[in-house]
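Following this message is one structure expressed as structure tokens.
All chains are identified by letter, namely A, B, C, D and E, in their written order; residue positions are counted from 1 within each chain.
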Amino acid sequence: AGEPTPSCGPGKGKAATGKPIKIGAIHGNAAPGDFSSATDAAAAYFACVNASGGVHGRPIQYLVENDQWNPELAAQAVSKLVQDQKVVAMVGNASFVEMSVNAPFYAKQNIMAMASGCAVSECFESSNIVSTNQGPLASSVGAAMHAVEKLGAKNISCIGLAIPSVGNWSCGAVEKYMAGKGLKASSVLLNPGAPDVNAALLEAMASGANSVLVNLPAGLAIAFLRAAQEQDLRDNYSWTSSTPLYDKSVPAALGKYWSGKVYVNAELTMLDGKGADNQHWLKVMDAYAKKDDPRDTFSQSGYLSAKYFTQTLAAMDPAKIDDRAAVTAAIKKISGLRSDLSCGPYYVGEAKQHMPNHAGIMVVVKDGGFQKVRDCYEYEGPYFTPLVNAEKALGLR
Amino acid sequence: MKSKLPFLAAYIVGMALVCGILAWGKPLPMVGLFIVSGLAIGSLYALGGVGLVVLYRTTGVLNFASGAMGAAGVMTAWQLVQWGWAEPLAWAMALVLATALSLGYGRVIAPRLAWRDPVVKAIATLGYALIILGVTSFLWVDQVRSFTLPTDQMALRVWGLRVTGTRFIALLATLAVVVGIWVYLERTRTGLQMRALANERELSALIGVRILKVETIAWGMAGLIAGFTGLMFGDLIRLEPSIITFMVIPSIAAAICGRLDNLGMVLVGGLSIGVLESMLTLSPALKSVRTVAPFMVAIVMLLLLQRGRRIPFERDE
Amino acid sequence: MLCGLVALVVVPMFLGGQWVQILTSTACFALAAAGVGFMYSRLGMVSLAQVGLMGVGGWVMLRMNHGFNLPFELNLAVAATVTMVFGWVMALPALRMRGLYLALITLMAASGLEIVFSTFRFPNGGEGFWGVMPSLIAPFRRPWLATGNEAYLRYTVVMLLVGFLLIEAHRRTAPGRAWAMIRRSEAAAMASGVNVVYYKAWAFGLSGLLAGMAGGLLAGTLGLLDPATFRASESIMLFALAVVGGARHWLGAVLAAVLYRVLPGLFNNWGLDADLALVIFGAALLHALMTAPDGLAGQLLGLARRKEGSAT
Amino acid sequence: MALIIEDLTVVKQGRELVRSVSMSVERGQVTAVLGANGAGKSELVLAVAGMLPIAQGHISVDGRAIQGCPPDVVRLAGVAAVPEGHRVLSKLSVDDNLRVAGSMLAGDQVGPAVAEVYALFPELAERQRQLAGTMSGGQQQMLSIGHALMARPKYLLIDEMSLGLAPLIVKRLVRTIESLVDKGVGVILVEQFTEVALSVATSAVVMRTGDVRYSGPASEIRTRPEILEAAYF
Amino acid sequence: MIELQNITVRFGGVTALDAVSVVFDAPVSGIIGPNGAGKTTTMNVISGFLPSSGQIACDGEVISHQAPHQRARWGLRRSFQREQLADDLSVLDNLRVILDELPGSRRDKVADMDRALEVTGLALKAHTLAARLNTYERRLADVARCLVGRPRIVMFDEPAGGLTPDETQHLGDLILQIHGLTGAATLVIDHDVDLITRICEQTLVLDFGRRIAMGPTAMVLADPLVQAAYLGLEELG
């Protein structure tokens, strides 16, 4: 209270008027999980932009659809947004299914999706999607790197989802990273709905690993760690996890037992980070989002995508803003945008593969919260070689 | 009953053989770990299955909503503990809620569907499951939670695996329900009336069974079991309403092993499914589909139990 | 009939892209629902694996598409046939079972399929037998007559009509009579010279064929499939809706599919919370089961008949 | 003290299967209901038993109205009906079938009541453990009548009592009915074997396609069979 | 001529038929006996519904190795103690089910069905759904089913149950016509002794699964053993 309402984008105060610019987004929010925090944050940011004068004086109309984890709904949603509503770009998408269903469609329609919550491989290995978040592959390799470099891991057991484009893909990259270091790793893949995580735990134990990397959605990860707790394995292995465990409700759900024992890779800065952008994000959320909209990594990611998008739009010729092809071209030209929310620069470029964010931080679960144990570090491994080359070509290195 | 014994023996030998093949060449302590772990999850399948069979035998309804009722119960318990209620009180409220949900269906909806065939009665409960699941996921938005019972702290080592008190409770409760319900159905008048009702509701009413009373008891009992099962699942599996709700499907697999009728076989079926599923982890080729085990076992069991049955002359059966 | 044809040509042009998608999917599920519906109403047999079988059809369709350079129709025929055989193999040992037990055995099969699908996914043009690759999917070839979305919707609806005619042709001839007899009593059917196992398997095969067609057509809508579509609970739901829609009549299958696909689309458009939509859906399901014994189609047709009666 | 049916109408799927039928039976009396197939006799029995909705009319037992009551309440009120088609609880044993039919008796009454039924039908006593669904048609009919007797009813309605029973058993049953009547039970007997029915009945009702065609003393039909003939053709 | 040789059927511990051997060589023969004597079981064995030891033959042709539906196609027809017409088919379609499984031209089949409906007097009800028939009409439909498709053995299980005396009379007349119309040998189970006496030339009496008498009906009914076990004459006397 008493704080000035934050302002966003290029506008100078007065609320925007005129013909709205239509932007779309798809998130997944249904039984297995709620991925709506990215679009909530993007919506808050766009509301802030509109209140501050919009882009070229025009407000942004942000249309969000829910795919409900249903591929058909995802396809229907994109038809509605792109064909019926004629949005010029997609911003803040966060879903488990939307990208794999719609990636070909985006390419065909020549529209860019500046996603914020990618989870599956198709999302990163597609020409017209670029995401602010890292996804399971990068985050797991980051966690593995930390386990090797700081926790003495020689043999990692990567616990992933038994979904080829998620578990096999990301744990496979961990295996390759370890092999490159002359170390060992193996994957244990779990069915998302499997009631029995014990057998997976036993399988991990049987693999001869000395370090366990949990690369699962938070609910399943907690169940897995509780099984390990049941066997009192805390001190027999080193424990790392990819980003999903970096969530406010996790430390409480894990309990005292795991305090100081589970190291989690975070894709963006700490949620309470003191950087200007992070503070701005929190203020925008307070001013323009609902009270109970989560303030989590996906929210940071959604904010960031919206912000970069707005910057791009503002730099465009105002006459071309309703031209989807022009917007797509402008997005593809993005290069070298920086923020204190992320470690590396953000860029897009013409490529079959996009993963601008492949550096992160490490935190540890401690005393009911998280503590940072390692600041920005860039991930290594064969998967990132083409990305590094692309960055060199763009002059970012 | 008597003729089932050799069948049971053959089944157990067959299971042991399959597990033996899977375990071939693996170090014995590790096999022991997998067996105990399998028994642990198997006892949960059995618990779920027993709950289903109890209601089916007493009302003729296969209840797809039992998982949802349990889920609503355990979510409530979690919430109450968060609000600072005493734990035993919170557990009791979970049981009360599940029982109330069960009774609500049994009194309001089930009688109106009483004359439909068993499959339609079963799918109607799916509608109820959706309602409960919808409300539960609406009230408790997606977030990680965990539910623990004090018995998680106690543990015993069995063949190298730590087994918590909660797991023992789940197994013992399953056993108690199996024995208790068997005695109740076979030895008491109300139990007999329940069997009659499940066989043919209309005729039972005609010959003087107080339907409303008996059904109320049956649904209440089933709700209580569902609530307890929910607490166990919430602790031992995961505190996620949709996961607990759909645990009903592998539980059906266990129930099928007893042909929806024989509680003892449900127990044996549930445990063996768990062990097989766990042992499949040892096979590199099959481990990725090991969760198929319950369904395969159920299909094989049903086919075996079906063998040599005569042509049904009547329409029902 | 003529009106129907005109509507078929004209209506898709006025719908938005979203509704074309929704209706295409609706037509696919109507085809599958017709399969479970006729089996339930004619033989009293319940399959809780229909959506699972659609998955089989869809899998084969994608496998064929990415593996060989054959035309759509041929792929569809292969998909439908393979699914039919799959349905047979699944059903043959189960045919001695009746009622709830048969239903549950199919449910077990559906649950098994769910896990296989989610573990191995659907082919998207990758290498090897499973054909899954992590990046962008390979293109899907639609029928040359119907490459656009609107045309594909028309194509699907025509296939749906073919499915209905197939069932109707069965119903009016020897198999239909044999089925009615089996439904009454298997003993009486045998005493009439009906080979019960053969005709039951036939019904399962026909239902599987329709599921396979439906799955193949569904694969064509998006060019890819996701395991989430083919969960066991979806199979139960489709059967439930087939009963709610009215299993005795083709209109019932259409209504079932409308409830299954159009209603959620509407809810989503109205911005209704997905969880609350579930509640409404569940309540509607229960209500329909309690109040409409012959399904919504039965009610509608009854109403129409009464109107006609009072008019003449 | 009587079971009185007044102006009873039963409608099923838009057809009036029973139309304004009135009849009564006093304790210790037998009323025979006769009539060709499709006369609506079975529907009448089911309606009295509470198994079919009643469109119109009154039914009372010893002055207490029972129309619209569910079947279990009707039976508790002392009216036991044996429906057509030997219906038994197929998955329960013979013994359990009888015990459950004694639900409204006090606990210590059940044993003796079961024993009485076994004394009447030794055929059932031999098969106490057999599942009712596997018994022969006639054995099921005995069990079905046994269900009704277990309730120790004040009024007994039997639809097609002799259906599927060997002549020997029918004779035995007739004697049982007579002794029940002596004990003050009122009986409504629906029979195709008119001979059997009229041999025990005090009064008779003849129905045809839902209507009552004759109502009066049974002796009159015995002496004037043309009354029946008129109803049959 | 129907020959049963040494037929034994057991249900668990119960012996429902105990080494029954019998030859029926009359156009219409009866089977009587107390409730649970094994009459229906005998028909079920002939139909092939129950596994049994022993052999069944008709006119020297052994049929006991055939599956039930094969026997039906061969020419076995029967009704059930609880009649089982398909309710959602018309009377005509109930007949057609049988002919569907048999070879023959469409025209012959139609003629065959027309004759059966004519004989039984159901011609007007041919297109009525079976669900709409009353008990008597259902029995007539049962008879009609036994007339189509060249039957060789026809069996009725308690056809007169629940019928009035006049209806029974008429049904008896119809059954008597079957042999003349089709040449099939007919077996009838019933508890209506008058009916059996009237239509059956010879009768088998079963008790506790054993054959206790067989021969011309009048003679069999006069047998004191039969009177004691079945008719209960001496009990009444």
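Basically, a residue touches a chain if its C-beta (ideal position, glycine included) is under 8 Å from a C-beta of that chain, and two chains touch if they have at least 3 such contacts.
Owing to the predicted nature of the structure, the values given are computational and were not obtained by experimental measurement.
Touch-path distance (fewest steps) from subunit B to subunit C is 1. Contact with both subunit B and subunit E is made by C, D.
The two chains most heavily joined by C-beta contacts are B-C.
In whole angstrom, the spacing between the mean C-alpha positions of subunit C and subunit D is 49.
Put simply, the C-alpha centre of subunit A and that of subunit B have 38 angstrom between them. The distance from the centre of subunit A to the centre of subunit C, with each centre set as the mean of the Cα atoms, comes to 37 Å. One finds 44 Å separating the Cα centroids of subunit C and subunit E. Residues of subunit C in contact with two or more other chains: 115, 119, 184-185, 187, 190, 275. Residues of subunit A in contact with two or more other chains: 29, 31, 162, 191.
The residues of subunit D never reach two or more other chains; the list is empty.
Interface of subunit A with subunit B (complex): residues 29, 31-34, 162, 189, 191, 193-196, 198-200, 202-203, 205-206, 218-220, 222-223, 226, 230-232, 247, 249-250, 253-255, 292.
The part of subunit A that touches subunit C in the complex is made up of residues 29-31, 65-66, 68-73, 75-77, 79-80, 82-84, 97, 100-101, 103-104, 107, 121-122, 125-127, 162-165, 169, 191-192, 352-353. By the touch rule above, subunit B contacts subunit A in their complex via residues 30, 33-34, 37-38, 40-41, 44, 133, 137, 141-146, 148, 152, 155, 161-162, 164, 233, 237-240, 242-243, 246-247, 250, 274, 277-278, 281, 287-288, 290-291.
For subunit E in complex with subunit D, the touching residues are 11, 14, 33-37, 39-41, 81-82, 134-137, 158, 161-167, 191, 193, 229-232, 235-236. The part of subunit B that touches subunit C in the complex is made up of residues 62, 64, 109, 112-113, 116-120, 122-124, 126-135, 137-138, 246, 249-250, 252-253, 256, 259-260, 288-289, 291-292, 294-296, 298-299, 302-303, 306, 309, 311-315, 317.
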